[in-house]
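Chain lettering (A, B and C) follows the sequence in which the chains are written, and residue indices restart at 1 in each chain.
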Amino acid sequence: MFNKKWIIGLALVILAASVLAACSSGNGSNGGNQGTEPKASKGAQNEGEKENEKPVNLIWYTIGTPPNDLKKVNDELNAYILPKINATVEMRMLDWGDYSQKMQVTIASGEPYDIAFTSSWANDYFANAKKGAFYELDALLQEKGQGILQALNPAFLEGTKVNGHHYGLPTNKELPQQRVFRFNKTMLDKNGLDISGVRTIQDLAPILKAFQEKEPTIPPIPAKIAEFLPYDLPINDLPFIGMPLDTTDYKLINVWETPEAMRYLETMHEYYKAGYLPKDVATQTDAGDYFKTGKWLLDVADAQPYADNLWSSDAGYEVVSVPMHDPIAFNWSVAGAMQAINAKSKHPDKAMEFLNLLYTDPYVINLIDYGIENVHYTKTGDQSKDSIPDSGYGFPAFTVGNLMLTYLNTGDPADKWEKFKAFNDSATNSPLLGFQVDTTNITTELANLKNAKEATYNSLFSGTLDPKENLPKVNQKLKDNGLDKVMQEVQRQIDEWRANQK
Amino acid sequence: MKPGRPGKSYDIHRLPPVWNALLHLFAGGFAFVCIFPFVFVVILSFTDENALLMYGYRIVPEQWSTQAYTYLFKTGDQLFRSYGVTILITVIGTLLSVCMTTLYAYALSRSNFKYRKFFTFFAFFTMLFGGGLVPTYIVVAQMLQLKDTLWALILPMAMNAFHIIVLRTFLQTMVPNPIIESGKIDGASEFRILFRLVVPISLPGIATIALFCTLSYWNDWFNALLYIDSGHLVPLQSLLMRIEQSMQFIISNSALLNSGQSREMLQSLPQETTRMAMVVLATGPIVFAYPFFQRYFIQGLTIGAVKD
Amino acid sequence: MKALQSKMRDLGRNGAFLLMVLPGAAWFLIFCYLPMPGAILAFKQYRLDLGGFFEGLIYSEWTGLRNFEFLFRAHDAYIITRNTVLYNLVFIILGLVLSVAMAIILFNLTQKKLAKLYQTGMFMPYFLSWIIVSYFVFSFLSVDKGVLNQLLVSLGIEPVHWYSEPKYWPFILVFMNIWKGLGYSSVVYLAAIAGIDKTYYEAAMIDGASKWQQTMNITLPLIKPMMIVLTILAVGGIFRADFGLFYQVPRDSGPLFSMTNVIDTYVYRSMKVLGDFGLAAAAGFYQSVVGFILVLTANWAVKKVNEDQALF
């Protein structure tokens, strides 16, 4: 009895060891931790190698679930770029939930890397840039990044400046934010509902009422919806400190004390009481399940040109939307997805050359975004493709490079990227575009306010709580937690920033 | 172990029947509450994804399906590879850890070891104070160059002050002094006393530590997150936790993301039934390994028998 | 001569012991003490552009206790400290009582096979991450679809908004903590009981001692050292809270904060807006120092009573 168990145990170890051995011999070249020295890869024998200069290997951390065929695509990419820029890249993809933490350790420990994904929501761009983690790109952009300068709308670069300098390159995609109400068209048609006059949350009342009478079992708003109040937020996590979008005097106000906020919350509370939202909407975490089941009428999303097509093809039924406002470029929307160069990179020039390719070379960007032709996708026209399902490659295209050089999906309107450009050009800049708060002197207050906000935000903005009774209390609590001090300090910084701009 | 001999008046495992029944009810009831969610996980993993979306969690699903498992096995060798990694680090890590812990704890348990207080404190201090993530990372990844090796998954967890102190207390209370004295009189070396006399009668304690080590190696995902970049060294729990963490991350950041983007991100992650199936696959084997340790600590040892 | 000999042997024995602790001590030195200077990050305004990590550590600006301010001057400082300490006290006391009781019960059950089964069962929650556990808790407590509310409604009782009623949460959190940890913590005591020489019990049986008397007079005294040591160690963690339990299980629900906000969740939320790891280091350091002082105090108290049962 005793022996048998030991034998089984031993067998398991041997099995595990042999599996590992088999695997590691399979991808032998991938093991170990290379520095910035390149492997003597096949590329080295290719033509185009300059005698006097050894090719450089760039380490590139980027976000997304690593696909099975990442290595294959990476090899293909290197074969192409080596003769062009005399450099190779090593793509290291980290999963969504891991990325921020792992990059924090990588950056702080001085682990070698050259390029990394950064944004307002993962691997915080503004904080890292302020602490000196990224390479200052001003001169390099002029020297090696002309293609980038041509491709990007200037507002992108303006909005991502930190202390007046460039530290990261935004993906060329939709630049402004435009919040929309999104409707399930099947449900609209079935119940004969008309959405033509909708622009604000209040306009929805008759539609919701009619829907509830006809479909009493389905809550028309299936999950929390994001609000839109016409203010620019210097600190995204604290949505009560705001600057009116049409400001002329650049004075901050407490958004939650405005009549607009009260009106919005009252409407939401009415809707909640009427049963338009699920009872526990405040604590619901939504993974988009209702989208799959089709049991919903309306939610809120951020749009881009032809977004309805995208949503409809995802959902498998028609989805339509109406905008709440004209497109506006905010700091966070501009910094939605960027690539930055390590301040300690040994080859910032090569890194910039590579980044330049991502904005100018359709082959490179399509390879990274969609994989290898005829393996991961097939071309169906000059500018369009169909991806091959389950082919082992997928990449979040919005995180990198020039989206407007990528192939369209079959069925996409041919002028999609034209529309994107027009959309970007049509955006108005938010008043604080390019302004960043320095949190050094107000850390305690910010921590307190953040906790105070989390304590009430979801219940208020989901409509669960009655704002008449609760909002004044909340505002008092914010004051107790140092709101005035924070507003004063941020106001001071804004005034200073404006003075420097002139 | 021999089964209890019924009828003998000095059988120490006898309890009045009423009490026995009551305590069964209590322990069994609690055990049921503990097992139930796990059974639920198994059921969910065999539920049809669409049925789950439509009707939510059901004990008897509207529609059964093995889709989640076929999907997992189809996605290929990553799963098997990860099994291999997990088993390997668990076995090697536990052996290493138990050896080192036993040696250390035994020395601390001996009252004639002059520096035992110092070394107890030396271990204990690390339970409360640490240098933090980044300095530890620098030591493991840059100084010891363990990045992307199996050792990065084994060594950082090889010792644990809690285990040492627990085992030390075991040894202090379980090992009768006469045994050690008898060893000394025979002129045996300290190592000989430890392995020949102390270890056999301390098996319950050592088995407990071994169990704890096994569990912490099996459940570890954080070291893999820090030190492993290449896919073929990712352990099972890490595979699972990456998905869970990514779900959480995307959902909690959806306010900052364009909804098209968060949809694209969510689509790259497996569906709920698949995640449940992964929980089953990641937990199943270790549950079956459990009785192997259990035999050492659920039944008493007869120390007298060892002494003779 | 004889004294010298015994001295030599003493040294030899100490040498053997030193050899035994050597691998472990080396490990602690490398993996714990070597990185420890990093803790001074808590007193610095860390910058990344000063060379490597250690250059950054050395040349970054000293800020004294400024990184700690957000903890002490916090408006919620009282609530988060109170919650953390009180929950941990309950966890320590209830955990001790229940895990010892459960170990004794399992040891005494007549049907050994069933006892083993129960024990394996109690271990299962340990394998489920808090994220997964939170799904189940939600399927129980959800307002309209939750099992519990459906039960209440069928009994004619008003359904409860579990996620916005703080008063229930101390019970829920304590239950979840016990539920998840009891299997693990009772194993130590089970093993301690299994290590007790059976002849003690046999002698007691001959004297006609009841089960209860055996438990009180043999089992408990013999596992007391283990109870004391584990409790002292637990006291060291009294300022640290299990993040998953207090964040994932209540689903980060705002109205519950008065009962669910603890130091760790407070720091986590603060980090989201501040993103400076000097602050996180400061919070960790603070928790360690308080824990350390408490352990030393507890150890000193135990030492007063019984030198042998102290930790060191």
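Basically, a residue touches a chain if its C-beta (ideal position, glycine included) is under 8 Å from a C-beta of that chain, and two chains touch if they have at least 3 such contacts.
The chain lineup, named per UniProt: A = Extracellular solute-binding protein; B = Carbohydrate ABC transporter permease.
Everything numeric here is computed off the predicted structure, so don't read it as measured data.
Ranked by C-beta contact pairs, the top interface belongs to chains B-C.
At the far end from chain C, in terms of centres built from Cα atoms, lies A. Chain B and chain C, compared by their mean Cα positions, are separated by 16 Å. Remark: chain A and chain C have CA centroids separated by 37 Å (rounded to whole angstrom).
Among the residues of chain A, those touching two or more other chains are numbered 108-110, 285. Each of residues 134, 138, 244, 247-248 in chain B touches at least two other chains.
Among the residues of chain C, those touching two or more other chains are numbered 53, 277.
Those residues of chain B that touch chain C in the shared complex are 4, 9-16, 19-20, 23-24, 26-28, 30-35, 37-38, 40-41, 56-57, 100-101, 103-104, 106-108, 110, 112-117, 119-124, 126-132, 134-136, 138-140, 143-144, 155-156, 158-159, 161-162, 164-166, 169-170, 172-174, 176, 189-191, 194, 201-202, 204-205, 207-208, 211, 215, 219, 241, 244, 247-248, 279, 283, 286-287, 290-291, 294, 296-304. Listing the residues of chain A that touch chain C in their complex gives 104, 107-110, 124, 127-128, 131-133, 235, 237-238, 278-280, 282-283, 285, 343, 439-440, 443-444, 446-452, 454-459, 464, 480-482.
Within the complex formed with chain B, the chain A residues making contact are 5, 9, 12-13, 15-17, 19-20, 23-24, 26-27, 30-33, 64-66, 68, 92, 95-98, 100-102, 105, 108-111, 120-122, 174, 177, 226, 236, 285-289, 291-293, 301-302, 304, 307, 310-311, 314, 332-333, 336, 394, 396, 398.
Note for the complex: chain C touches chain A at residues 45-53, 56, 66, 69-70, 73-76, 138, 142-144, 161, 163-164, 251-255, 257, 261, 266, 269-270, 272-277, 279.
In the complex of the two chains, the chain C residues touching chain B come out as 10, 13-14, 16-18, 20-21, 23-25, 27-28, 30-39, 41, 53-54, 102, 105-112, 114-129, 131-133, 135-136, 139, 145, 179, 182-183, 187-188, 190-199, 201-202, 205-206, 211, 214, 222-223, 225-226, 229-230, 233, 236, 277, 281, 284, 288, 291-292, 295, 308, 311-312.
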